[in-house]
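Have a look at the structure below before the remarks.
Lettered A, B, C, D, E and F in written order, each chain numbered from 1.
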Amino acid sequence: MRTNTVKEKWARGEMTYGGWLSIPSSFSAEVMAHQGLDWVCIDMQHGLVDYQVALTMLQAIGSTPTIPFVRVPWNEFGIIGKVLDAGAMGVIIPMVNSAEEAKAAVAACRYFPDGSRSFGPTRAAYYAGSDYFRGANQEIACIPMIETGQAVDRLDEILSVPGVDAVYVGPADLSITLGLPPGMNNGEPFESARVKIAKACAAHGVTAGIHANAQLAAKHGEAGYRMVTITSDAGSIAIQAQADLKVAKGTADGTKPVYG
Amino acid sequence: MRTNTVKEKWARGEMTYGGWLSIPSSFSAEVMAHQGLDWVCIDMQHGLVDYQVALTMLQAIGSTPTIPFVRVPWNEFGIIGKVLDAGAMGVIIPMVNSAEEAKAAVAACRYFPDGSRSFGPTRAAYYAGSDYFRGANQEIACIPMIETGQAVDRLDEILSVPGVDAVYVGPADLSITLGLPPGMNNGEPFESARVKIAKACAAHGVTAGIHANAQLAAKHGEAGYRMVTITSDAGSIAIQAQADLKVAKGTADGTKPVYG
Amino acid sequence: MRTNTVKEKWARGEMTYGGWLSIPSSFSAEVMAHQGLDWVCIDMQHGLVDYQVALTMLQAIGSTPTIPFVRVPWNEFGIIGKVLDAGAMGVIIPMVNSAEEAKAAVAACRYFPDGSRSFGPTRAAYYAGSDYFRGANQEIACIPMIETGQAVDRLDEILSVPGVDAVYVGPADLSITLGLPPGMNNGEPFESARVKIAKACAAHGVTAGIHANAQLAAKHGEAGYRMVTITSDAGSIAIQAQADLKVAKGTADGTKPVYG
Amino acid sequence: MRTNTVKEKWARGEMTYGGWLSIPSSFSAEVMAHQGLDWVCIDMQHGLVDYQVALTMLQAIGSTPTIPFVRVPWNEFGIIGKVLDAGAMGVIIPMVNSAEEAKAAVAACRYFPDGSRSFGPTRAAYYAGSDYFRGANQEIACIPMIETGQAVDRLDEILSVPGVDAVYVGPADLSITLGLPPGMNNGEPFESARVKIAKACAAHGVTAGIHANAQLAAKHGEAGYRMVTITSDAGSIAIQAQADLKVAKGTADGTKPVYG
Amino acid sequence: MRTNTVKEKWARGEMTYGGWLSIPSSFSAEVMAHQGLDWVCIDMQHGLVDYQVALTMLQAIGSTPTIPFVRVPWNEFGIIGKVLDAGAMGVIIPMVNSAEEAKAAVAACRYFPDGSRSFGPTRAAYYAGSDYFRGANQEIACIPMIETGQAVDRLDEILSVPGVDAVYVGPADLSITLGLPPGMNNGEPFESARVKIAKACAAHGVTAGIHANAQLAAKHGEAGYRMVTITSDAGSIAIQAQADLKVAKGTADGTKPVYG
Amino acid sequence: MRTNTVKEKWARGEMTYGGWLSIPSSFSAEVMAHQGLDWVCIDMQHGLVDYQVALTMLQAIGSTPTIPFVRVPWNEFGIIGKVLDAGAMGVIIPMVNSAEEAKAAVAACRYFPDGSRSFGPTRAAYYAGSDYFRGANQEIACIPMIETGQAVDRLDEILSVPGVDAVYVGPADLSITLGLPPGMNNGEPFESARVKIAKACAAHGVTAGIHANAQLAAKHGEAGYRMVTITSDAGSIAIQAQADLKVAKGTADGTKPVYG
């Protein structure tokens, strides 16, 4: 079966950088997958993507060595199975707030006896290999999100669930549930939670991941995070267009051209 | 009928900046249309977009004041009519190399007696107003491309065709047909052609446009161009991801973080 | 943030009329949204619409002042979040039969501390404004359906749940569960339930809504309903085609033309 | 091969009524095809429909006895072949202004030796029968549009082209090219052209068709037209919503309800 | 209402053969539905199909007498209702491991008082008849899957749930949960479970179904199975291409052609 | 740039086998591309495929070493450019009946000075390499179809056009225009034409190709054909289902099982 090179890096304690996909298009996914990132994540929760387009995105990513993850809309057995059968090498599951919810997430990602995933890797067997059944429980990454104050309180029980490969911090929801505005880089009590999660992960042998941007990557790396989102499709279009308008209008350095 | 604010600016000799859409998605189009550009162009020629998705892109752009143009795959009557009926406020037509071809382009964009466009603005009447028939010949922009050495040789005859509002220079094809590699900023003989086109446009009262980027915008503006593409959806994703990877890895300023 | 003009009218006790969208197409949605209705509802339960097309419908509606609601397939956290992030200004939730189910519906619609909606208004922030987080809990309408005898029995507990803005009566299911055939205007015990719901809503300060048609609107208005569906896309095609065939064949007034 | 029941009626001089499909959706097409019309026409010219959705519309119509026609975007060989292979039983071709153009239209609709259509009825053989090749030249309707003053001037040469089964009048374009505003029921010189076309058709044994509405059907029937469009999908949604709003608000009969 | 001819055959104890649809396309579905099978099943669980495409597949199948089933992704109320409203005549529900889960499946398939399905057969009423409400509880097939060791242990309680028309054995998952590799024709303890299920079904008057292939059909028929999948869309493409390559290369019978 | 391994084989005089794709789905394309064929062809002429889906099919094929060709609907500049920009490594062009038409086909496939293809390999540069411009004129296969009696008469002039890499025989159309029923293996005069084409190709150094099946491959190989279609997606589903039904019912070997 295809090796999950991201899990390999995590096993070696190496950093992995990811790109976020909110645009429902196989072409934007293909472009992102060609940029040298370790992984990309198709966001079916807050992204504008549903399964049928996600499938074509997975196919487009499949022509590159970049590892495809999918964030599912919710911790629901059916959709987790569907995206894995379509070729996702990992699943990010929102709002996991208890060991019970983490166990449900793992169960959806693993074949018996490690879980109760139903067998039928209709595309995955083409993408990842005909020996998919033997390798899947090892290669597929199960990545619950830690994004509420409640989840932080229950970190130990969640991280103790066998089969959790990594957790992914959602800074916006974590901030909100801690009484802060949504943000990626809030102060206390967000900052303490951010550090606490990384430490707990280290203690449990679970990889710590976080939704971020390129500027925050080094800070997160220092704290122990090894799965960091640094770029996004829709965000790049907006950021770059704003920057390009400034350059074109000369306002990037204060000089405005006059025409006509 | 909805005013084509881009044509208004052209009439006043003002610069207009555009964003290029190659990703077949209504969401990336919506994001781009919210960035403050004067116009966006859905590229049905080299972009990965066909009519059915272009329609949803036009609908998404329709909630903003940004003016939507469409580059059609070819100078073909049927598709020009279809994109106009779907709400495009202007059409960029590839590879117009003669007055005859320019006349065909104009005919497809204008109702009788200015042309022979067929009437049926099924969506356009919702988007641009129920008085569409009265205003369309005035508000719709017909924009042939000048992108071959042959077209440059025949500039006067092409620019003399009534109904040509602007021309749009395709630097890659123009470079190739002048014996240069495809590029946006080649030297001679590209440079002379670039200047010659702008001057001929000024002489004929036709707006000069060009495919470019933000860095080249000022240079084109000085030459007389008033329709300049400065940003693109797919390009931004690639550029930004590359930049973000450098920032994240610390290679933007030469410092590479070490983890693990 | 964009004002929910329908909630404004409800606050003033004014009637609001809605159009129903069962056809999975951004164009039929755009046509309906241009007719002067207060709101339209994309029906993802019994309509033929799934998320990916619903997104394009929301985008098309977004160019008009008409307020977009979505009826989700089921009281499920994931899909409620997805349609809100895509720009729905209200959600109609089927088969809410208890306070517990109503609380789940509210939780999915509201950010902490009013609920547990996950933050990521990827399109909604473009459509409704960049200050979406501050306004969403106020502007988004949470509208559980009352459509079983059981729900009528538990009206008080359901209407007492904080965050329920309106309830929407499903006459077909309510009729069936009361032992009647599916219908919009059945006699007893449907009639008593219909009146009882409106009165209970008035007592709890919750807006009463109902699936209906234009002919029943006045009757419902008199009973206190302020959210009434009066037209539908697929229904109109069928009704109008039938009527047109009668007119064309002369059978509308008894005169049949004979040709040939 | 499946009998084209519309051509059968035309052969008997009987009227046939049609429904117009501008919405790109297989469901609206299916609804329309169930209303008892003789034929429906998928409009790929001014409708918002491209081939891939048209295919699903043809499939949905295929479960009813209603005969599916397609109006192609232009008199272009490739798309005429594609819609016929997808199962259209007739093709309406825009802007046929000469015998030469009519011959091109016929050639695209007929196999050798009657034309030069390429063989490959990939879906049509399932829909219309495995003996499709033997029957197609007989059953498929080739229907050029007469919609310019020039075409009216050349009626005899156009109607003399073998293989033209019917012509379809486009009143809007015909009006425009005659110097009138676009309309379905203009006065002179539109009226004379309308009558002239029907008479010329009768003289040449070609069926006369016209884009209309239910109210105009009898008038057209009296003039000799036997193919009349009387209803449309998008139009019905708009018309019915307007009517429903009036009924609901009580303004249909002058009585406006007051609530709140 | 349209008669479910598969349920008729089951009532007479007759065998029914099915085709499996994993490709998300209305055309492959239409091709399969024309081959003379009793039923086809659109697989929304392990197939690459989501609702919006499944709708067009149901429409395409609807032009044939073949009965359409849908396997839903999971035992979830919303999606079961959606596929039934779209015209499925039966639903296969994965991983039903208890009477409680079987009751939930039945409830989603049946109108009150037999269940709690919500009324709104928007397409089904066109496909299956306007008297759909009266016939649906009888004609719709509810088919839970038996595919775990746990389910086999609880066969009697599951088969005792009123409204279960058939059960469908998933050999791969059943094998896995019995400690075997995924397979369609494993030895013990799979073989005993396979026989036990058929016998229990016979005892409860429930039809026994199984995922299989043509070669296994006779064996299953002898054991009492009356619902057997014998062919699949994606599988056929792969199998036939492999066979065709062998034939073309002459390796089918050991003779390899040499060219060039 | 990615090497066109099919052209390499042709240069060595080796046989290449192809699979035909008529189903509009990226998944069926992916399945076919994994079967070990030299090339697959997406059929946009008689297949049920339009550009937007063809793009996703090209992306799915792109994860395999199989070379993707596209048959365009017609010899039209716009669509040839679009499929090449989307990553097709070769184009099959229908109904090329003269040197002039062959030159038009070549012009659409080659950059200046070999042709007049417009530059913008938006996806192709990702799929085939960033040096696409330098390699494309060499690697892209231009493959006109020879499928009429007229084309056979003009073989020498067509095969003399520089840039024609191969020709592809359409046996059905060739048969029809020679007065035979459509078929792949007709007698005279089809047989003579078939042999004549292969010989003329050999004389001109052009590869001979033909639409066929596995059974005919050896015969065509002996005649000199080196590009032979041997399998197809939709055909395989139908053939295999028919075969499976016979096996299941025991009629493959004359034994029919009796159940019930």
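As a working rule, a residue touches a chain if its C-beta (ideal position, glycine included) is under 8 Å from a C-beta of that chain, and two chains touch if they have at least 3 such contacts.
Since the structure is predicted, the reported quantities are computational estimates derived from the model, not experimental observations.
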| item | value |
| --- | --- |
| Chains in simultaneous contact with chain E and chain F | A, D |
| Contact-richer chain pair (by C-beta pairs counted) among D-F and D-E | D-F |
| Self-contact between copies chain A and chain B, residue sets same or different by half | same |
| Chain C and chain E: spacing of chain centres that average the CA atoms, whole Å | 34 |
| Interface hub residues of chain F, defined as touching at least two other chains | 22, 24, 27, 31, 34, 48, 50, 52, 55, 76, 79, 123, 234 |
| Chain-level touch network, classified as line, ring, star, complete or other | other |
| Chains touching one another, given as label pairs in label order | A-B, A-C, A-E, A-F, B-C, B-D, B-F, C-D, C-E, D-E, D-F, E-F |
| Chain F-facing residues of chain A, complex | 26-27, 30-31, 34, 55-56, 59-60, 62-63, 123, 126-127 |
| Complex contact set, residues of chain C against chain A | 50-52, 55, 76-79, 81-82, 85-86, 111-112, 116, 118-123, 133 |
| Complex contact set, residues of chain D against chain B | 22, 24, 45-50, 52-53, 72-74, 76, 79, 94-95, 147-148, 170, 172-173, 176-177, 181-182, 234 |
| Chain D-touching residues of chain C, taken from the complex the two chains share | 12-15, 17, 19, 22-25, 27-28, 31-32, 34-37, 48, 213-215, 217-218, 221-222, 226, 228, 230-231, 233-250, 257, 259-260 |
